[in-house]
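Order of writing sets the chain letters: A, B, C and D. Residues in each chain are counted from 1.
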């Protein structure tokens, strides 16, 4: 990852983890380097390779919701530098 | 009709007319003699023979609701002496 | 007392609060308030007079509430219907249903209104610029009630 | 302002009154209040903490309200959702819909709740005698939302 690199303003996205996922991963957010445009699914796959809780929590079978720039997204949704991508469990409000 | 006859307590029913029907018939209620058990439909037919507004308002094609002792009824519903039979237009509350 | 007919206004919030008071199984409170519109069939409505059939009215409403309680998994049902003279904007009818989950609470509330609209002995008389007239029953109300058969 | 997220309680009656104020075309006001039950999945619930995703929450609720207004013939829609610490009996969420007729008002209110339950970023964390736990999503909520597709 290129945290703090001179081009970080344009080549990173902000990842957000919420609720149970935040606790399981031990992180609420991070800056995440992307090589130009990518997708929600590609980011999820890369995060899984971190192993441990990342691998189990982001496994394909796990019910997970993703929002890109505050809109619900799918694995195919494109992600560009500067975007905010949030991962969270199925919602339980109301 | 046997209004006020000695046996009127057991051989009459109370007829009630409501809303638009009360206005059209010019009557809100009456005591009505019955010869033992009868039905809603039989009473309606007899009332129609009075002619005028009775004939038109109670005609078979007119939408009309009937309640016997405060329960919605049909033409086949039995009516016995002492019952209260109400005729009224389709309801429009709520 | 789950049904009431009255001339005065009702306090929807107080009725809903009373219905769910102390019942911690309640997860859903659905409230319906019907109000007098200022327009009906294209004519301005100045006032509305609601007539009913005393004696039958409360019995009919109780029957509808009992039927709703038998059909749906609900905790409480309350119905208040006003009679007498009303003006546009005035509340006419209140139905409150409490339940454990929202599905049955919504269904029961709607069921009560659909049945009330076709089975409870109330009649509206409108005063418009063209004079007074009895409100005609709407076919849509019959169809709404039929859906529950 | 048709959607709001807040920690404090709401006044359902005041919100419903404000929504229909001055709108004499309104004939139906449907109000839904969701409350904290004292039991979930068989365990006593002492307190409930509601977390949300600030920034997304109001956008998600606004999207749901806009969708309801596009789908149904309604006059006004208002949604208030609480966050933070709540106890059994406390109101969590309010949805008020005003409309000319009850059918669309009921549908829109139910639609907003069904979509909110599956698309608005809120999560409940319960404290029970067995400890704290995140509430699991219910399959019934997914099914309810699917019915509107």
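Just so we're on the same page, a contact is a pair of C-beta atoms (placed from the backbone, for glycine too) under 8 Å apart; a residue touches a chain by one contact, two chains touch by 3 or more.
On a predicted model such as this, the values are computed, not experimentally measured, just so you know.
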What whole-Å value do you get for the distance between subunit A and subunit C if each is reduced to the mean of its CA atoms?
49
How many angstrom lie between the CA centroids of subunit A and subunit B, rounded to a whole number?
74
Where the CA atoms of subunit B average out and where those of subunit C average out, how many Å apart are those spots?
27
Approximately how many whole Å separate the CA-defined centres of subunit C and subunit D?
23
Any chance you could list the residues of subunit A touching two or more other chains?
none
Touching at least two other chains at once: which residues of subunit D meet that condition?
34, 113
How are the chains arranged in terms of who touches whom: line, ring, star, complete or other?
line
Which of the chains are touching one another, listed as pairs?
A-D, B-C, C-D
Touching subunit B in the complex, subunit C uses residues 34, 50-53, 55-56, 59-60, 63, 81, 92-93, 113, 116-125, 134-138
Give the list of subunit D residues in touch with subunit C in this complex.
11-13, 16, 20, 24-39, 88-89, 100-103, 106, 109-110, 113, 140, 144
As the complex stands, subunit A meets subunit D at residues 16, 18-20, 63, 67, 70-72, 84, 86, 88-94
